[in-house]
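Following this line, the structures themselves.
Two complexes follow with chain A in common, the first pairing it with chain B and the second with chain C.
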Partner chain A sequence: MPDSLKAALARFRRSHEFWLLAVILLLCAGLGVANAQFLTMQNLFDLLTSYAFVGILALGLLVVLIAGGIDISFTATASVAQYVALAFANAYGANWFTVFAIAMGTGLALGAINAQFIQKLRIPSIIVSVATLNIFYGLLIFVTGGKYIYSLPDWFATGIFWFEFDWGKTSSYGVNLQILVLGVSFLITWLLLNRTNIGRQVYAMGGNPDAAQRLGFHTFRLNMLVYCYMGVMAGAASLVQAQLAQSVAPTVLVGKELDVVAAVVLGGASLSGGVGTVLGTFLGLTLLAVLQNGLILLGVSSYWSQLFVGLVILISVSVTAWSQRERRARRVRA
Partner chain B sequence: MKQETSLSWLQRVGRSLGGGTIGTLTLLLVSLWVVFALVIGDRFFSASTLQSMAFQMPELGILSLAMMLALLSGGLNLSIIATANLTGLTIAFMLTRTVPGSEGIAWVGWQLVAIAAGFAVAGLIGLINGYVIAYLNVSPILATLGTMTLCKGVAIGLTRGNVISGFPDPIIFIGNGTIFGVPFALVVFALCAVPVAILLNATPFGAKVYLIGSNEKATRYSGVDTRAVLLRLYVYSSLLAGVAAVVMMARFNSANAAYGESYLLVTILAAVLGGVDPFGGFGKVGGLVLALAILQMISSAFNLLNLSQFLTLAIWGGILIAVAAVPHLRALLRR
Partner chain C sequence: MSGISKRFGGVHALRNVDLTLEAGEVHCLVGENGSGKSTLIKIISGVQAPEPGGRISIAGQDYPHLNPVRSTHCGIQVIYQDLSLFPNLSVAENIAIGQHLGGLRTVDWTAMRTIALNAMAKVGAEFDPDTKVAELPIAGRQLVAICRALAADARLIIMDEPTASLTRHEVDALIALVSELKRAGICIVFVSHRLDEVLEIAERVTVLRDGAKVGTFAADTIDSRKLSHLMTGHAFDYDIQPYHVSAAPVVLEIKGLGRDGDYEDIDLTLRSGEILGLTGLLGSGRTELALSLFGMNPPDRGAILLDGKPVTLASNAEAIRQGIAYVPEDRLTLGLILDQSITSNLTLTVLERLAGRLGLISAGTRKDHVAQWVSRLGIKVSDPENPVKTLSGGNQQRVVLAKWMATNPRVLILDSPTVGVDISAKDGIYEVIRRLADAGVAVLLISDEIPEVLYHSHRVLVMRHGRLTLDVPASQTSEPALRQAVNA
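Entry: the complex of A and B
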């Protein structure tokens, strides 16, 4: 084994992601033994489909957290984007391209509003996003009267089913809209953060905003990009959710923002900026998904699933904090 | 002595025209009051309007106090609503199972025991929060996100999402009764706000909380046991959520795992509107009370004008941004 690979492996073994992966594999092995249903293709595809919405939002939030900000207005952004795009499609007709363009464009505009408030008025991002959550959501319900849209265009309701293949005798699988958008979002976010100059700048700005500014980074433009990216992701996620639910319900998304926050921070992203990876976010999301799915397959009443999620969050963040402190103490001693 | 107070009052008025959140908020409150008085007229001043305002404010007010304590130390307490609901359910469970039907000593005693049990639960959650935050160094937003989910999980698991209802009269009085026309819930709010204000402004503990919020490391190096202070702070925050639980269950005559969830972000909104720095160190109870009055006045006025409650939410958000932008705009003007 070359030395560089060995070093990379050693580094990975000490990382937050390694421990997450270990816990997930252990959990999966246990669940696989306990219930034959768990380790099936069917279950895997179902999980990916049902967690796509949270996953896409988590990727947007990850970028915001790395940049040193926070956004909790994304559920309201998603509600608005969903409503605008599908109301437009119903009224004037649309296709996949236009409906996504409208939803993501709406998200982009709302994200830009957030960034303007944060940057131009110098208001902390937590305050701005608490405020805009209420503004976007309040105005949406005020204008629409909170009415659901049940009749979606046929092509939208049917969705897509690509790369169909057969597995075993009876079942066939394919890539549906949820899995496609989730996959593309992961790819683009990974490329943005790891393979572009902008990604490095986002990390640097989150790690030390003053230093980044003095180095001559365009922090205004970077922040604009970050909050717009969150908005675009919220727009994409909103259509994925509407397609799965087969309706547009303006009141059901708001209130789910902390689920997304939980997935991202379980994945090791820091709320003080500069830290976080796409892999970590994927693993955090996987842990939550596997846990909830596993409990249901084990026959635990779904009334208790929140309790386990809470325990996992609490234990995970405590262990992480504790191990960090130990490492720091060891470094001081050495 | 009198001279001095009037001078400081004058100074405050002077400052209110030139700066300070309290000043901005007072101006805002007065101008809103004038606008609504002109638009709505007599109905805005009717006793029933005032009373309904005074009935609605205390729940949000007490919860905002609980949030404010955590915010002052540079933290956050996302678990206040879940704590309140679990506390409410504990009290409701005890009340409906143990309190005998006929009035007597046992009747009074069991009600007190029920409330005490509720506060024990609230205190325990506060201890968990405080321990994890202060001694394990977990960031407050994560720790309380965990306890929030945990508490809600316990509450949903035990009740299966059902409501527990039907309480004895004294409990219902807490939420719905009046003393000389003043809602008792408002009295409860005052009984929380005044001690919290004294605790923060006139005790060493309060001074330490502000110091931790400004610079935790410097506070620790100057010999303050920051961990003990934080632990106590989160217990107080939780106990306040417990008080809110009693008011809330008394007003609805029922308890549930999911009551008041929309309050969570509104408490942050109210506290920050009231001048509490979300990064800690600054904020007064007086500012929070003004902010609550502003929010409640808008809500009641919109109600009288038959405008949607969702429009109220949007206006609340807009006002938060406007007030938060004032310091920066003022600095721009000065330049």
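Entry: the complex of A and C
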């Protein structure tokens, strides 16, 4: 057993996740020294809360990328789901269960539309999702006139606050809606990808779609599941975001796609399919959050923050590609 | 199975084929491209249904047709040429992938590992089951594919071109493994273009031609010449070519060429009109040497002389300018742009020459150029504007040849030009090579297959561990002698 443990550790040391973790720890140490605010409980909870929206979407996108596809229509899906669920709650009344059911159901339906086009007509997923992003968003703006909803049901606006505890004297902490949904999403996605045969079929299909078909995997159903999962995640994320913002804003979500793509790609998922882990996505999300938050705490303008995020993605992807090439070259020489 | 037919539109892919496969038998299926081998395999594996009237009987049970699930249940496993593995997953998961089939349930990783280790023990595979398949060499991946078939309780394993990308040692190991499986009562069907191997491994050989069965023969009653005759309807007899170019001028001369880690102390001369065969195991340095001659792998030491003058080949553009052309081993990935038209591919190397004033190329000039090469090499083309990938393997290979010949090379380097090509197409390629040499081109023919270099070169070189170990006229050596020199 120690041998296989050693082998597993050696594999982890070579992995993308290991390097990410090292970079994050370094960054955190540096930021902790530079700004006393950074490594506080308060800041940690704030970060988790404000990055829950991006994180939940990232998990949906991770599954799509592993399956060998891509979807960037999720912000439009989320906008639609948010509007439908909360407009319904305002008009007819609802509870937590029903708003989530409506938002996630809407996301599921829109995801199924994506999957239909990608599968039946064999159009590349990037093109389908660029088109549906515009269609979903355009229809939403047309129907709503782009008007915000500011008056949300009281229970929704209050949110939840579980496991409250005090830390020091100044403030109390607890699990809010954002952190709860983020946590559950991570757990479910991890279970799906690592503990169910369907998740493993998704990995296999992303790695070699022809072989998956020959083995008798139902690739149509798998793809359907993957894009619907993305839609469901977009539905859940949209409510998390609305609760945090205390409003439904049809126009503010679209445009945030790239943060999500950045988190997943930083986490080591490959755009060519078959590769990516939940841990990696968590670390990618953390790196993105730490970087953006750290730069703000250091007083750097938010314009610079974009530049830094871009640079970090480029460096991270280059290092991975370079180390893979080195390893392959070494194998050829051996 | 008996009376199996299959039509695609108006074309008969298979006509009334009968085939009997016995437990513990090694059966080879041979035939040229388009003879119906793949269709027959697809019918056995249940991917396609035969025309009504056919009958498939497995262990006494009759089926009008199969489907993939039923054929798997009956113990039929196909190992395709691409192996159909999942490079991103571990060895263990690939082998036990059948466990993932079906509706939602949790994964039993321990059980999967046990299944994998059991199958690996049967074939004597010793790699770490947690390794990703992408990190294994080709031979290792093939073992994984065989393990996967065994893990699915295979009673009949069909292997499509299993030896195409293996070295001789790996082929030997595979043959040993196949006899092992045979002893365990598993029937193995081998589909291969390499007739020597077919005869070495098979007990019975079934030959298909144009969708019909020519016959099933016991392997010890036929030889490879008879087999190729049966497959094509033509006789292909090759004689060793006499060494008649000793007086021709030397085009290429190499003195003391060396490159760290690749090859060392290489001396050779290549004369106008000469075909120089170069063989050796994969990894012996032959491809690295060829790439150096094409300016893509600069040597560390020694000199390359063209027409007696030393040249430095710093890039492939430089090499092309000096009159050196290179047709790479893997025509599919290196030699052609598959999605582009035949015309584009054929004109790619001579764009500068075809260009008129202002550097623009007229459609007429392109068309003439293409028509000329299509007829010179007998490339079968319905429309030159179709993508190259619509051509058969042999015709693709001719496009690559034409592409380089159009540059009027002095030296033509061919790396394994007939890999994956059937006998008739091979013959066409040999014909092209001979015509080129007759026209004064100096040809360096690199190949794994010993008969290929022996019968189609004037002089043969053998490379081992980066050094030239043999340099003889073809007329003064033989297949066994060369085989010994290669594997010594």
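Everything that follows uses one rule, which is that the second predicted complex is superposed on the first by the 332 of 334 C-alpha atoms of A that agree within 3 Å, B and C clash if a C-alpha of one lies under 4 Å from a C-alpha of the other, contacts with A are read in each partner's own complex, and residues count from 1 in each chain.
Please note the rule applied: a contact is a pair of C-beta atoms (placed from the backbone, for glycine too) under 8 Å apart; a residue touches a chain by one contact, two chains touch by 3 or more.
All values derive from a computational prediction rather than experimental measurement.
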Practice problem: Check whether A:Ser318 is in contact with chain B, with chain C, with both or with neither, and answer first, second, both or neither. | Solution: first
Practice problem: Kindly classify A:Ile127 by the partners it touches after superposition: chain B alone (first), chain C alone (second), both, or neither? | Solution: first
Practice problem: Give one of first, second, both or neither to describe whether A:Gly310 is in contact with chain B, with chain C, with both, or with none. | Solution: first
Self-check item: Residue contacts on chain A - larger count, chain B or chain C
Solution: B
Quiz item: Where on chain A do chain B and chain C both make contact?
Solution: none
Practice problem: Name, in rising order, each residue of chain C that touches chain A in their complex. | Solution: 47, 68-69, 72, 78, 80, 82, 84-89, 93, 97-102, 104-107, 128, 130, 135, 137, 261
Quiz item: Residues of chain B touching chain A in their complex?
Solution: 78, 132, 136-139, 141-143, 145-154, 156-157, 160-161, 261-262, 265-266, 268-269, 272, 278-279, 308, 310-318, 320-321, 324-325, 327-329
Self-check item: Residues on chain A engaged by chain C in the complex (per definition of touch)
Solution: 4, 7-8, 11, 194-201, 203-204, 206-208, 210-212, 214-217, 274-275, 331, 333
Quiz prompt | chain A residues touching chain B - in the complex, by the definition given at the top | solution = 72, 117, 121-124, 126-128, 130-135, 137-142, 146, 255, 258, 261-262, 265, 271-272, 301, 303-311, 313-314, 317-318, 320-322, 324-325
